[in-house]
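Letters A, B, C, D and E mark the chains in the order given here, with residues in each chain numbered from 1 onward.
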Amino acid sequence: MKRETFITLLLMALLFGAAFHGKTGDEPFIITLATKAAIFAIAGVGLNLALGYGGLVSFGHAAFFGIGGYAAGIIASAARNYAPVMTWPMEIAGSTSMPVIWLAAIVAAMITAIPIGIFSLRTGGVYFIMITLAFAQMLYYFAVSWPAYGGEDGLSFYVRNEALGLNMMDPWTYFAVCFGVLAVVLALMAVLVRSRFGLALEMARQNPQRLTASGIRPFNVRLTAFVISAMITGLAGALYADLNRFVSPSMLSWHTSGEIMVFVILGGVARLGGPVAGACLYLLLEEVLGDVTDYWQVLLGIVLLLVVLFARGGLVGLLAGRRAAHD
Amino acid sequence: MSAALVFEQLLNGLQFGVMLFVMAAGLTLVFGVMGLINLAHGSLYMLGAFACAAVAAATGSFMLGLAASLAAAAIAGVLVEVLIIRHLYARDHLDQVIATFALILVFTEGTRWAFGSFPLYLTLPDALSGSVALPGGITYPLFRLLIIGVGLGIAGGLFLLVNRTRLGMRIRAGESDREMIAALGVDIGKLYTIVFALGAALAGLAGALVGSVQAVQIGMGEPVLILAFVVIVVGGIGSITGAFIGAVLVGLTDTLGRFLLPQAFGLIMDASSATSVGSALASMLIYVLMALVLVFKPTGLFGKPA
Amino acid sequence: MSAPFLKVAGLTAGYGASQALFGVDLDVGTGEVVALMGRNGMGKTTTIKTVCKLLPITGGSIMIDGRDTKRIPVHKAARLGIGLVPEGRRCFPNLSVEENLVAAARSGEWTFDEVAKLFPRLAERRTQSASTLSGGEQQMLAIGRALMTNPKLLILDEATEGLAPVVRQEIWAAIYALKDSGLSILVVDKTIRELKAVADRCVILERGQSVWTDKPENLSDEVCARYLGV
Amino acid sequence: MTDPVLEVTNLSKSFGALAACKNVSLDLMPGEIHALIGPNGAGKTTLVKTIAGEIAHDAGHIRFDGELISHLDAAGRARLGLARTFQISSLAMEMSALKNVMLAVMAVSGEVFRFFRHAGSDDALLGPARACLEEVGLQNRAHTRVAELSHGERRQLEIAIALAMKPKAFLMDEPMAGMGPEGLARLSGLLRDLKETAPVLLIEHDMDVVFSLADRISVLVYGEVIATGTVEEIRANPDVQGAYLGDAA
Amino acid sequence: KVGMITTLTGGGASLGIDVRDGFMLAIKQAGNKDIEVIVEDDQRKPDVAVQLADKLIQNDKVDVLTGIIWSNLAMAVVPAAVGQGKFYLSPNAAPSALAGKGCNPHYFAVSYQNDNLHEASGAYANDAGFKKTFILAPNYPAGQDSLTGFKRFYKGELAGEVYTKLGQDDYAAEIAQIKASGADSVFFFLPGGMGIAFMKQYAQSEVGLPLIGPAFSFDQNILQAVGDAALGVKNTANWSKDIDNEANKKFVEGYQAEYGRLPSIYASYGYDTANLLMSALAKAPVSDMAGFQAALEAADFSSVRGKFSFASNHHPIQDIYVREVIKEGDILTNKIVATAMTDRDNAYVSECKM
């Protein structure tokens, strides 16, 4: 087994262990925290496909996270109010079934990502960073000032949605669901980046000129990666909405984009387990340092700095060493 | 809507644009020219404002405050460059993102720790406040005219520095190939420290100047950061002229959008919803502008094609 | 003869964990032209990079003008009088031709006008961005840029690659002239014929080691076949 | 008479005031190596770029395999079977040499949007990629990252990638530059064999190579073709001697 | 056991700190050793607030939650908390959605209903004889509620109605519109730094029209930063440090002694919240849900505001004053100059069915 795969599995085991500890130690909040880490890890895995493997540094993934969240929120609250989600061009009823909501979130993220991707991919480098930010900010301000779904106040739907007749309000059950989704997404990602498409994507990042000269349009490859990436992040958004039983524009804000990005970079860019490591470490630090002092964010900043300065390639890079040229 | 009001709003837009340029000037140097993604720019801006407010309160002199803002930010800049940024030039840009993100946390909470959680008092000395009468019957705050002057001065200075001096050439050369410029005998490390400090000092000065007409409070740097990036990207990275034009364009768009959009919607719907829809759109407007510019000119208005 | 301007002894170096040089000995005396030869991948460029301190010295020593360079940084090494024309040109793409030349210039007899005399094409393209120059023009620019630092030792790593025959002849002529003016030159090039004509000495590298050092006259067919593959 | 594989008629391209190609007409016949020589900055690379579709031309026609291809973008032309090598190596620095070649194999197979099968162990990609590396003598470096290859080795890899595309015609922009004598000899032999399957438009400054390999030579000066002919004709042409060859004639 | 979720870091930290300090002061003064307060920092992020609520409820098993400053965070936390059977006492935010249809027996707003202070401004504008007021607020729900609240009582004509961008710092364009509108007064709701920036710029533009606004922009902590530009401005509040009663005196003096600064309006809400809580605890344990709820409803404590009772939707019925910014020595502060509304409840009482 390759070292990186091993580390990913180890990280997953740690995450699971932490949640299990919360269950046996009757500290449900640890489970909630682990759930949050799992969800952010999913969002990060999504972003990592664009940012890490595709070299498309999107500073606007909050848009997809938020769109996924709002899709979940709107559908669920419509179902609770017995109102249709929309009546035009066709009538769509609300639902409280998680699989339905996930699908809707994924599709919504996809529909948003296609136009954003088409426009954004005309640019490159830092310009790409900023144009994705621009689109996310547009959505953010729209959500803040659009009154229909609560504006800045957000939208509550009180109870988690349901699936398979499980009691999702039980933290452990919900954790298991999110953990399962994370595992599936990771497996998919592992396959994807080693596939033919993954090879093309890697070339699109490293040398688009060469890719073109070989007869493949970098644009198509990138757009596909960007949209898949958005769909995964959208799914994470739906899960996050369910975790909190609440969505608000803050899911769309640039802080969220930045946070997901920090998870990925901290854990290791273009490393399979990177987002998992990043999300876990960050949330753990937040939790532990918060108890130390009111000014805990200073400590958090210092720890982050130390990680950047001394762990090349993020946490996973530190543990797994340099990536080999062939795999 | 009188002509005088429209003219005044144009002036406001222009002035806001120049103010944006002042806020973005330091970043233009560090990000636009050195190619370093510095998210902590806003923190240096905040630091400058707090230093100015504290010194002005202690000494009673606004001018000493301004000097303090320059000094404090420059010193912070040197420290940051030497301790952290210097080790990241050879790395991926993304490492800079996370390091400077960490710096935001340290600076924000550090400032709160040093100065407390409450906004500070910083206002203009009498000599600089008040309004002057402009032709056309408009009275206009003196300080805003002053900001326009300072902005033009900084723009000119930076333009000359970057495009007309060897220092500027070396920084730009360092941005594309640090190793090579060093192999030609240039101490690029020291140069970068100096330029980073200069960028930081400009951020600090902007914080002090703008802070004296806005609020000096924790977190004041964050919106500035995003705005500054928008300005630079619209103008085209690496171009001082671009940053200036970009700033003015963003300033005009924002001001006129806030002013005109609600009125435009007022023509087709009732007043109350027109204000709310109009201002909702207005708040997105600069991002719409940025997206449009980048869709049609993928490297900004004055950026060099990749 | 006085002490050589550049003296490399028992040099080892590499890229991080992978070692590429396993003992290189090489002297370049004042006013001397030394050719560094070897097949692809044998360590010529690595040697040059280490001399310029772009790579750390892991063993052995490099003396420039009598100073040990083990501990000095890149730019200081350059200021001891090295002018580098690197492999692959490495012009600054975001600078204009003129800016490329003057950015790192140090005063001396080589000025913009002198370079323009050597490469009139550069003067014609003065304000053009270096990224849009043709391959050969970039090569001229890289040479001009190194000359403008007025070095005592000029290092040319495949400096004639991609240049048209006429221009190449001009460069070899220039190298003669430079040599006569007392400049030391270390040159890597693939055209053995032209190298032989200009070099005072040849050093051949194989697998990161200097394996043959002698006058070019003694470069027999057998040596060439063995070390250079011709 | 057979038709040319590639035919350029009256092609022009300027950058602002600078006319890099003026009314260039040129063709590439099956089975030939057609060398394109000329002083630095004459417009050779520009011509290759316009043929490959990387930059748009201002006027003229490009016909490939009997079809007009002006409307196609670079990727489209590559898919029709037009392969080019770059004057300044253009490779994925962080990938292994083998993967660089595998990508080219994959591109011609047309099956890019395959998301599940493991590409790294796909024999349909590995086999041809290994063969191409072997052709240029890089088989021992297959698993080395390109960043760790020496300059000459990268030049060889450029060729391997072009081979892997199994094109109908090659556009080679100074493929020999930076290659040592050994590689040079090997590549010369390779090109001689290759031209039977696909003709080569060869840009090269090394006159020994050009004179020994080329079937025809065109000389480009200041964007204009001043002469086209056999090796002997070009060698003897006084204009060419003055403008380009110097003593090398 | 009380869980307090409030903002202790970042931009809005000063408000959270004041609420916490006021709350703690009351407990300390009462010498109450039974109440354990767990304070958590929500970083002003709604999702973090929700998770903290889960934590406090599930891990720490608190009985009562309090502390949230911002309406959007309250909207995220309150429904979830009361849904899990906990009591929530709001020391600040009280959005209309939680006062009307969304009201809940376990939810109490100790501070006000969000619209109250704006309504009072509207009422005061009438009293002051303003006929043509220009009104502005940021474009988000609280801002929209603010203008609606103002208009609910204001009888004059509007010279203009403007929504600014949330977080906007430059108001030159709005000030120009004000000047051109022919208004005789300006009502603005711009909390935090937005208000500071607006007032400074307003003063520099020498517009000279009277300003009115709710207390949020004239809070003790902000006033110092605005400086003399705030002098003389009228603002509406349900508390002021010069309200003359025993409880208030004890609060103001105790606060200054403990923390070395003048209390803000948020500190007073925190203080009242703690006192309300202790008064109810004295009557019934939290485990007796109905009893505890009734004890809260009775509001049997001495508020620093003087009169205090709850309307049927658990929002206060109280007097709302007009204050003027004055200078006491070097320090800017507020002084009550009039009463804008007496025994005001709120507009949503009838919508609340519980």
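The definition used in the following text is that a residue touches a chain if its C-beta (ideal position, glycine included) is under 8 Å from a C-beta of that chain, and two chains touch if they have at least 3 such contacts.
Quantities reported herein were computed from a predicted structural model and do not represent experimental measurements.
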Shared chain contacts [chain A and chain B, defined touch]: E
Remotest chain, chain D as reference, centres from CA atoms: E
Inter-centroid spacing, chain E versus chain C (mean Cα positions, whole Å): 74
Chain B and chain C, separation of their C-alpha mean positions in angstrom: 44
Chain C-chain D separation of Cα centroids, rounded to whole Å: 29
Touching two or more other chains - residues of chain D: 148
Touching two or more other chains - residue numbers and ranges from chain B: 108-109, 112, 276, 279-280, 283
Touching two or more other chains - residue numbers and ranges from chain A: 141, 144-145, 147, 295-297
Chain-to-chain touches, reported pairwise for every pair that qualifies: A-B, A-D, A-E, B-C, B-E, C-D
Complex interface listing, chain B residues touching chain E: 2, 4-5, 8-9, 12-13, 15-16, 19, 108-109, 112, 117-124, 129-131, 139, 141, 143-144, 210, 212-220, 222-223, 255, 258-259, 262, 271-272, 275-276, 279-280, 282-283
Interface residues, chain E side, partner chain A - complex: 8-9, 40-41, 45-47, 50-51, 54-55, 58-59, 71-72, 75-76, 79-80, 83, 95, 97, 139-142, 144, 163, 165-166
Parts of chain B lying in touch with chain C, wherever the complex brings them together: 166, 169-170, 172-173, 175-177, 179-189, 238, 304
Of chain D, residues touching chain A in the complex: 52, 54, 73-76, 78-79, 83-84, 86, 90-96, 98-100, 102-104, 106-108, 111-120, 122, 125, 143-145, 148, 161, 165
Chain A residues within the chain B interface of the complex: 51, 57, 119-120, 122-127, 130-131, 133-135, 137-138, 141-142, 144-147, 254, 258, 261-262, 265-266, 269, 295-298, 300-302, 304-305, 308-309, 312
